[in-house]
Amino acid sequence: GKALNALKEHPVFGFVDWCLRGIGQVVFQNNPVSGLIILGALFFNSPIYGAIAVFGVVISTATAVLLRADKGLIRDGLFGFNGALVALALIAFTSEDFHYGAVPSVYLTVYIAFGSAMTAMVFTSLANLVGPHRVAPLTMPFVLVGWLFLFAVLKFHSIDAGPLAKPVSPTQYDGTVQYTLATWYKGIGNAIGQIFFQDNWISGYLIVLGIAVNSRVSAIMALLGANVAAFVAVVYGAPEGAISDGLFGYNAALTAIALGGFFLVLTPASALYTLFGVVVSTWLWASVAIFLEPIGMPVLTSTFVIVTWLMLIGVNGFAALVPVAPADAVT
Amino acid sequence: GKALNALKEHPVFGFVDWCLRGIGQVVFQNNPVSGLIILGALFFNSPIYGAIAVFGVVISTATAVLLRADKGLIRDGLFGFNGALVALALIAFTSEDFHYGAVPSVYLTVYIAFGSAMTAMVFTSLANLVGPHRVAPLTMPFVLVGWLFLFAVLKFHSIDAGPLAKPVSPTQYDGTVQYTLATWYKGIGNAIGQIFFQDNWISGYLIVLGIAVNSRVSAIMALLGANVAAFVAVVYGAPEGAISDGLFGYNAALTAIALGGFFLVLTPASALYTLFGVVVSTWLWASVAIFLEPIGMPVLTSTFVIVTWLMLIGVNGFAALVPVAPADAVT
Amino acid sequence: GKALNALKEHPVFGFVDWCLRGIGQVVFQNNPVSGLIILGALFFNSPIYGAIAVFGVVISTATAVLLRADKGLIRDGLFGFNGALVALALIAFTSEDFHYGAVPSVYLTVYIAFGSAMTAMVFTSLANLVGPHRVAPLTMPFVLVGWLFLFAVLKFHSIDAGPLAKPVSPTQYDGTVQYTLATWYKGIGNAIGQIFFQDNWISGYLIVLGIAVNSRVSAIMALLGANVAAFVAVVYGAPEGAISDGLFGYNAALTAIALGGFFLVLTPASALYTLFGVVVSTWLWASVAIFLEPIGMPVLTSTFVIVTWLMLIGVNGFAALVPVAPADAVT
């Protein structure tokens, strides 16, 4: 206990701790061991993605330290997770091979550094805007900065972005492929993996392990969310490839963690409320994807943020639901 | 009086009362008789539309009851009107024949139920967000949920949505057709009808009757709004078909009711302010329609909400205008 | 002193003073002499643009007077600058010759008057919305009203708008043209000029002079912002034409003025913060331009507002930065 606390105050080890928590906070886990396992899952899929996640989380956490942001927020890793996601997204959508990513040029590296740093500012601004309504910024800083930085990158000569290597909408998949058992178990793993842009279902299950180390409820919710999403997508005749790639499930999994025990006390009523949110997140991923397709932009985790905000901001108006005390829900 | 109050407390008749008020609240009328007449106008045009409006208002009002929302708001029908509109919109834009609508499949019915239920949550969230600025959510829950649910529906195999059967932008009409007397009297009726997606000018005038039962000022304002819109559209050379179909007028009519006596005390100054808002709503319907055309989305009542919000949120900064006390303006 | 104050209370000269300050407020200068010099710079480029700027500032300031808005805000010119910009934008993007503009028809003149008047309402509403977060509406009323009014204008028969005469995105420029010395000195002047839609680099330097009369810090910041933007655009291989036309620089210059001494006390930390914002504004101009290109809309000053809001709303969370007291920063 005492030794561990001393370690957390250490200038170097402390910073490492905050950054590992930052990786964990992508899936709401304020725990350095969760962050370490998730980072392992990324390196397992591709050392490039592992390294860029570290780069992103370090840049955005360091930015918060330099700007002398609130120490409690920094220590909980809350300035890190959006920075890591922006860095991952900028590699994922500028690399010829989405699966492994590519080592960025100097130009792109500087660009990513600015993007990750900016999430620290946007996080603080959004916290200021939505805080009075008792919700968190979630991954909105990542979504906003990700979109803004992705548009421009496609047109600068120094950053040679090819066409998006990855389908970003259900309409880009073949609608005639049959569902199989692999659609399901790979789809679930990939859905969790896609939260971190990992097209690797084994990495996905490793990430679930990382979550379970800190919270079994969150791990179960992530799996349930991805399963319900796959089920709904199948019932509504969605293309096999989009389900198998986990695209229908990653927003649903995040919504499930957020509503299922994290921001709302888990009761029969809130379980149904969560199920509702998961189903809606599944449909609306397709919706936002189709909306963004003409400009070639990926959905990122916008659907999760929109659904979760719309279902949480007014939750005090519903006596059937009990919000978790803010002190316990800091992501 | 006493007997009527007892009826309102009755578990079944009470719920019917709240739902009828919900239909009336689409046009700001907290009155079950208004709701009943408007429902009659819908059934007169198409029993499918009449039935789906009942379905939507029941689902969203029941959702609010199950989530134990504020009883006063439920009783005023405020959880119902957005649910009815979402249900109407999802039928209108997935049916081969916009005019009569089509009976939805089981898949689409489940989908509509989720959409209508979601408006109850979005209403509460938006009330929380815009309430401190002394404005109401208006039909924004409908617009948001409508857009989000309409995008996705176009791509699910189980929901066989054809191409939009109805033009959604002035650019889709023939610009060479001459204006006639029918352009005017059908255009006015259709404008009121389009608030409920009814392409039937007689239904439109029946809806005006429904409004007049509760408030003659609102009825006059709706007619004035639609007339000014037609006049402005003609002066600015808008296509005859779009005017005759009531597309220029439905947002303008709602803006006229909202600003003309409902949220602002009717004075010479506020009458001019309302006229300004009606003219701007007419132009900006075209604007939003052209903006949304590339993705094939209808404007819904977004123009009315945008103009009314932009003109009301800061109204306390204008000493020339007197807001109606919040207790008197609950929509 | 006393005579001057008496003049400011004079019904006619007072109004002229407020309008001249309104022109100055576009670049944050609450000073009638600044406004006069800037107006001279516009007339130097094109009497049409000079006249329309006067028209816009008069309409929106008069609207605020008629609605009996706060006198202090009116006297500081805060109701004028968005009105002037909307009028300039509507001429710039409906004229066959962007450079000189064209005299508007009666229809377009009425339309512009409504647009300019509407900025007074939107300014008050946005001040109400963002004020509690200690930021100003900036030019967002202009951006919102500008976009909404520009879409519709393209489709009304009475307003004969040709195709946009001016490229609105970097992708519309030839990417093979070499950078020269003129790219730089014309690009800087044009960047300042583009704030007012002036494609005239000499007008741009005259506007800098107008700023310098009131604040040398602001003038230096405007030039630094435009220079950094040109440098970043060159390093990242942006097309010569877009740099030379000042398109990369006008948002960056405004961000530089806003963050560099106006809203934040100038310190080494805030200077770095400003540099960060200027670099990001440069990249994100391209981003927003590419996003808006499919619908043919210009960026206007949206990038400046987005970056400045995102970097200022949460600034109280950063102990390294010191906001200027609200009383001293009223734009």
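In this document, chain identifiers A, B and C correspond to the written order of the chains, with residue numbering beginning at 1 in each.
One rule holds for everything that comes next: contacts are C-beta pairs under 8 Å (C-beta built on N, C-alpha and C of every residue); 3 or more make two chains touch, one makes a residue touch a chain.
As the structure is a computational prediction, the values presented were derived from the model and not from experiment.
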{"item": "Given chain A and chain B, the chains that contact each of them", "value": "C"}
{"item": "Interface sides of chain B and chain C: same vs different residues, half threshold", "value": "different"}
{"item": "Approximate Å spacing (C-alpha centroids) for the pair chain B, chain C", "value": "36"}
{"item": "Junction residues of chain A, two or more chains touched", "value": "294"}
{"item": "Contact set on chain B toward chain A in their complex", "value": "66-70, 107, 111, 114, 117-118, 121-129, 144, 148-152, 154-159, 294-295"}
{"item": "Chain B-facing residues of chain A, complex", "value": "133, 170-171, 175, 235-238, 269, 273, 276, 279-280, 283-284, 286-288, 290-291, 294, 306, 309-321"}
